[in-house]
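Each chain gets a letter, A, B, C and D, in the order it is written, and its residues are counted from 1.
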Amino acid sequence: MLTEYLPIVFLLFVGLVVGGVIIVLSWRMGPRTRALSIGDSPYECGLVPTGDARSRVDVKFYILAMLFILFDVEIVFLFPWAIMFDALGTLGILVMFEFLVILLVGYAYVWRKGALEWD
Amino acid sequence: MAANWIWLVPALPLAGVLVNGLLGRRIGKGGVSVIGPGMVGAAFAVSLWLFLDLAARAPEARTLSQNVYTWISAGDFRASVAFLVDPLSATLMLVVTGVGFLIHVYSVGYMHDEDRRGFARYFTYLNLFTFAMLVLVMADNFLLLFVGWEGVGLCSYLLIGFWFKDRANATAGKKAFIVNRIGDFGFLLGIFLMFGAFGSVAFADVLPSAATVLDAGGPLAFWICLFLFVGAVGKSAQIPLYVWLPDAMAGPTPVSALIHAATMVTAGVYMVARSHALYDMAPAVLAIVAGIGAATALYAATIGLVQTDIKKVLAYSTISQLGYMFLGVGVAAYAAGIFHLVTHAFFKALLFLGAGSVIHALHGEQDMRRMGGLKRALPVTYWTMLAATLAIAGIPPLAGFFSKDEILWRTWDAGHPVLWAIGLATAGLTALYMFRLFFLTFHGSFRGTGEQRQHLHESPPSMTIPLTVLGALSVVGGWIGIPPAIGQTLGGVPNAIESWLAPVFADAHAEGAAHAAGEAHAIPPMEYALMAASIAVALLGILAARYLWLTRPELPVRIGLQFRVAATVLSNKYYVDELYDAIVVRPYNALSHFAWRVIDEGLIDGLVVGGTGAVVRWQSRVSSAWQSGAIPTYVTVFFGGVVAILVYYLFG
Amino acid sequence: MSEVGVGHYLTLSAILFTIGAIGVLTRKNAIIVFMAIEIMLNAANLAFVTFAMSIGDLGGLVMVLFVIAVAAAEAAVGLAIIVAMYRHRETVNVEAFTAMRG
Amino acid sequence: MNPEIQELLVAYRVVRPALFPVLPAAVLTLFGLLALLVDVFELGRTRGPAEGETGTPIMAPYLALIGTALALGCVGWQAARLETAGGPYFSGMVVLDGFGVFLSGVVLAGTLLTLLLTIGYCRRHDIHLAEYYHLILMAAAGMLIMVLAGNLITIFVGLELMSVGVYVLTGFRRTRLRSVEGALKYFVLGAFSTGFFLYGMALVYGAAGTFDLAGIRDAVSVPPASPVLLAGVALLIVGFGFKVALVPFHMWSPDVYQGAPAPVTAFMATGVKTAGFAAFVRVFMSTFDGLADQWIPVLWALAVLTMVVGNVAAIRQDDIKRMLAYSSIAHAGYLLVALIAHSDIGTAAFLYYMAAYTLMTMGAFGIVIVLGEKGTENTSIERDYAGIAWRHPLLAAAMALFMFSLTGIPPTAGFVGKFAILSAAVNSGHVPLAVLLVLTSVISAYYYLKVVVSMYMRASEREPIRSQVPAMAAIALLIAVVGVLGLGIFPGQWVEMARASVVAVTGLP
């Protein structure tokens, strides 16, 4: 049954090869564009950005956003447990407790480091 | 039981290493001067005891061994730290500890200007060298032999670069080490092939079964022996891996005497002799050994003739003499090769130490053009050097005569007249360049500075006593190997060393064995003729040297200058000289210079050593050119690797 | 062909993976490079899920959870590194960082 | 008794035996978290010299040391109880066998030495963050998980735990451009390789229907191998090849090694490499055992490239960290030869070499670390190492020993290790590879020797390095010296241990 997937492997392969060859060729033969070229601009398609792209958003925003992602994603481990809560029993509770304790240490760290304070 | 105490022999110098290395600065120069030589002296005493113990046994039972511990044990593979004392290794042990002891004593005087720290460091290295060399000669398997082999290389490297303030010394040390690694590479491959064929690397397993496991003349025997010989070529400075030895003279002179003349460089000869059972299965390799030996002997002798640095002359002389030893083992005259190894250790160590004494007296001067007339100021050095020079020139009844002549005779006897002729020519050259050195140094008038003349002095007793002892050995050392041709006329004096070594080489060629055992044997008249020839050649060389550098000291100098033909024709007296110059000396000098400047420095040094380096450096540049520092390049190379592997799997 | 089957998902996964890989190769902006890597990881996730469903094994799904969690951690670390880089050179062009080479 | 408590006890009885194999990793995690917590609540931390300035963490380094030592003790316990150890643990996600326990020991020894060297380093370079120790412990825990993994998922989780920690550690000196640049390069390429690695896992999973290593082995043992499986194997080679720095997936390593703080470099060169190779060898020796004919040629080519490029490129380097980076690439090539030998002897040689390599590399980096001064790490071989032997004779002698061991000169650990690999290769008929190994070792003599020559035979032309050797670093160096000599002169029982340890790998459940 695996041979059915053979075309996919080949697709993967041909895609990688063709893409790779084109890139290597253009990299080797094309003119050298150094740093700070168009490739760095926010919209490489040529749209001229209006205003200063570097209007600063407070870095705390990013930190908070990153922290949110981290803690948010850990929830994925809670869903399967919640579904199977009954079947897993006390052992499940113990394991999940341990998992949460580790998360809590992370939380305490973030809190004590002041990452949660807006000022 | 003597066998239980074998470990003491290497352990004593090792103890010296520990004491000098760890406490050297605390016990001071006095303490170091006692411990350093003392430990080696004690090792000599134990070796002597073991030797006597062996000698008291029946010839077949002359083997002692001691297993200290199992070093590596991996599956079928076992290598032990185990020592073997048989006639061959006992001989070498005596040479290493005996000559080593004398050189240690000498060093106490020679190095007395060093500060406390340098002094302790020097003796630590020297003791370490002795330890490694003993491991090398006493090992009972090839792997342990290799350990000693690497160890002596390491010490050699450390001692060459001892005075490291000098950049040239450091480079020389590095060169020695790297050239030796090339040799070691061959050696290690040889050991692996051997392990593949025999399933063991112990002498006791490999050597007796060589004849059954290997086909005589087969490819396996050929490659094993060839690879081992590559190792020997590196360590014993033969063509084409000899380039490091002349440079190695940058180290202190006693080091040159011990390592680069008497012991380490002869390890290759020992190794070939030790594995003679393998070489007997590979006659083609033996022929290569003999050929390279003879070629090196002649080649190095020609270069030795035009050197002006006293130690360089001796260095090329050592290479040349090592060539003799390989010629000997190459014609399956293993005992003769070892015999020459022993006598050479005596007289060459003495020559180096004598040269050291001269250099010491002249405060570091090594150029013979600025010496001369030192006979009066350095009487002990003079007389002992005379003995050594006569010995190396091959004048009977000194040591060199017997051993060299034995090799020459066995070469002829084995049916190699060409190699014999090369050997004979080399003997003449040896006499020529050695007496050149001798006359330039001790005779004539002093050519150094007035200040040097004021400070001329004979060396202290710690230096002259070893000189005297070695001088005596250079005179009588050859008597242990008096060939039957002379021995029988003297009333049955036996060839002691051949019969002593006979049990080790017993399974060599049957004809050789009979010969070695000293059985009554019809002496072909040819042997006397050859003997006479080599004495005549040696005398000729001495006379020529006397004429060129003593009677007419201006002559060799003028040879090198541009010559005015008209002026020379005027004088009848010079006419003969001119002819001689034109026909013999000038082409010869040109050839020597060619060999030295072009082949030695240009071709081998520049092309082989330097060229390899250049190729590697170029490769290195190419490799790191890819390392552009830019992430896109890295990603691309990475991706190229992925694609290559996928291509292989999906289409390969 | 009307039914969307395993083959389709895998094809999509392969295409995604290739797009991601080529994105890493061509883009100079570190953040976009990083996004391209995330596309590669998600292509692998798609393949895991597809295989898991076609085989009827839950392992693939479990793997996906781990990959998601790890990708989040990598994102946090990666962005922090990129920010640190920006502070040194005022640019996020990956070609601009060649202090070490050879 | 309360029924809830009884239930907890029952659960505990279920969990307890399962914890046994992961005990060292658990101890590391616990102490890692403790180190972080204690510090963040400002316990065991000196006050900063002025208001708002941070003080020095006092407890975190010791907690890390104690945790590692305890974990090492646990590994010893595991080794002692190995024969009675049952299993499978965590449904086969984790396997406890001699191979894993041996390498756990190697990893933890490397971690311990790293910590001993780190403490003085941090003090000297004013790094006052407890996170440093936390990250080292967590990365080490990841390594242990990788080493004992019996499942591709576990390998992945361990790998990422280790990698994420090391990415951060690389960029830890964030005010220094090179440190951050190294981190960026490591991160971008590392994440890129993770993509391939994961896709490879997906393909193998698709072909075999399971992530379990033993299960995969059963599934793939029936030839012929499908292209999907082979593509998966290829991508796994890429993933592992990146972590252990095989050419052409090595490009990151010189830059990263040079940029990272020296103790982190040491940790990467030893721990990361050990863990990467552990999983690599386990997967290919046991799981893909039946596909040996398929992967040996590829690894063969990689080994040739790795040995040649690693050794040749090292010659040009003047920065000692960079030189050691290329050297560690070269050593990865030697280790790969042991894997290619594809035999018990080869795996035993691999184990032995890994231990030897860890000790000698750690030692070499240890010297590099203690020769650093505040503000500069002093890494130029020509300039900073010239004439060291005068001022620091013991350090120079130790460095020379490590260099000789890396070259493979007897009687050091490096020689015995190289010898073991060579004999394994010859035994399996890979004579050309063995020849190349010896040949490239000859080349390597050149650059290792350059360090020794510089130390012993060059006059220093700069201000003398004023460097006190911290007591802990001295202990670490002493351990390394004794280890390198001990493994070289008395290798017997170690070789024996390595041999005993491999039986379980090839006979994986």
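As a convention for this text, a contact is a pair of C-beta atoms (placed from the backbone, for glycine too) under 8 Å apart; a residue touches a chain by one contact, two chains touch by 3 or more.
All values derive from a computational prediction rather than experimental measurement.
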Pair sharing more residue contacts (C-beta pairs) when B-D is set against B-C: B-D
Intercentroid distance (Cα basis), subunit D paired with subunit B, Å: 44
Where subunit B and subunit C are represented by their mean Cα positions, the distance between them in whole Å: 65
Interchain centroid distance [CA atoms averaged], subunit A/subunit D, Å: 27
Residues of subunit B touching at least two other chains: 624, 627, 629, 631-632, 635-636, 639-640, 642, 646, 650
Numbers and ranges of subunit C residues touching at least 2 other chains: 13, 17, 21, 24-25, 28, 33, 73, 80, 94-95, 97, 99-102
Residues within subunit D bordering two or more other chains: 184-185, 188, 192, 196, 203, 206, 227, 231, 254-255, 316
Category of the chain touch graph - line, ring, star, complete, other: complete
Subunit A partner contacts - residues on subunit B that touch it in the complex: 632, 636, 639-640, 642-643, 646-647, 650
Complex contact set, residues of subunit B against subunit C: 624, 627-632, 635-636, 639
Of all residues in subunit D, those that touch subunit B in their complex: 184-185, 188-189, 192-193, 196, 227, 230-231, 233-235, 237-238, 241-242, 248-249, 251-252, 254-255, 294, 297-298, 309, 312-316, 344-345, 348-349, 404, 409-411, 415-416, 419-420, 422-423, 426, 434-435, 438-439, 441-443, 445-446, 449, 453, 456-459, 489-492, 495-496, 499
Subunit B contact footprint on subunit C (complex, rising order): 21, 24-25, 28, 33, 94-95, 97-102
Touching residues on subunit C, where the partner in the complex is subunit D: 13, 17, 20-21, 24, 30, 33-34, 37, 40-41, 43-45, 47-48, 51-52, 54-55, 57, 59-60, 62-63, 66-67, 70, 73-74, 77-78, 80-82, 84-85, 88-89, 94, 97, 99-102
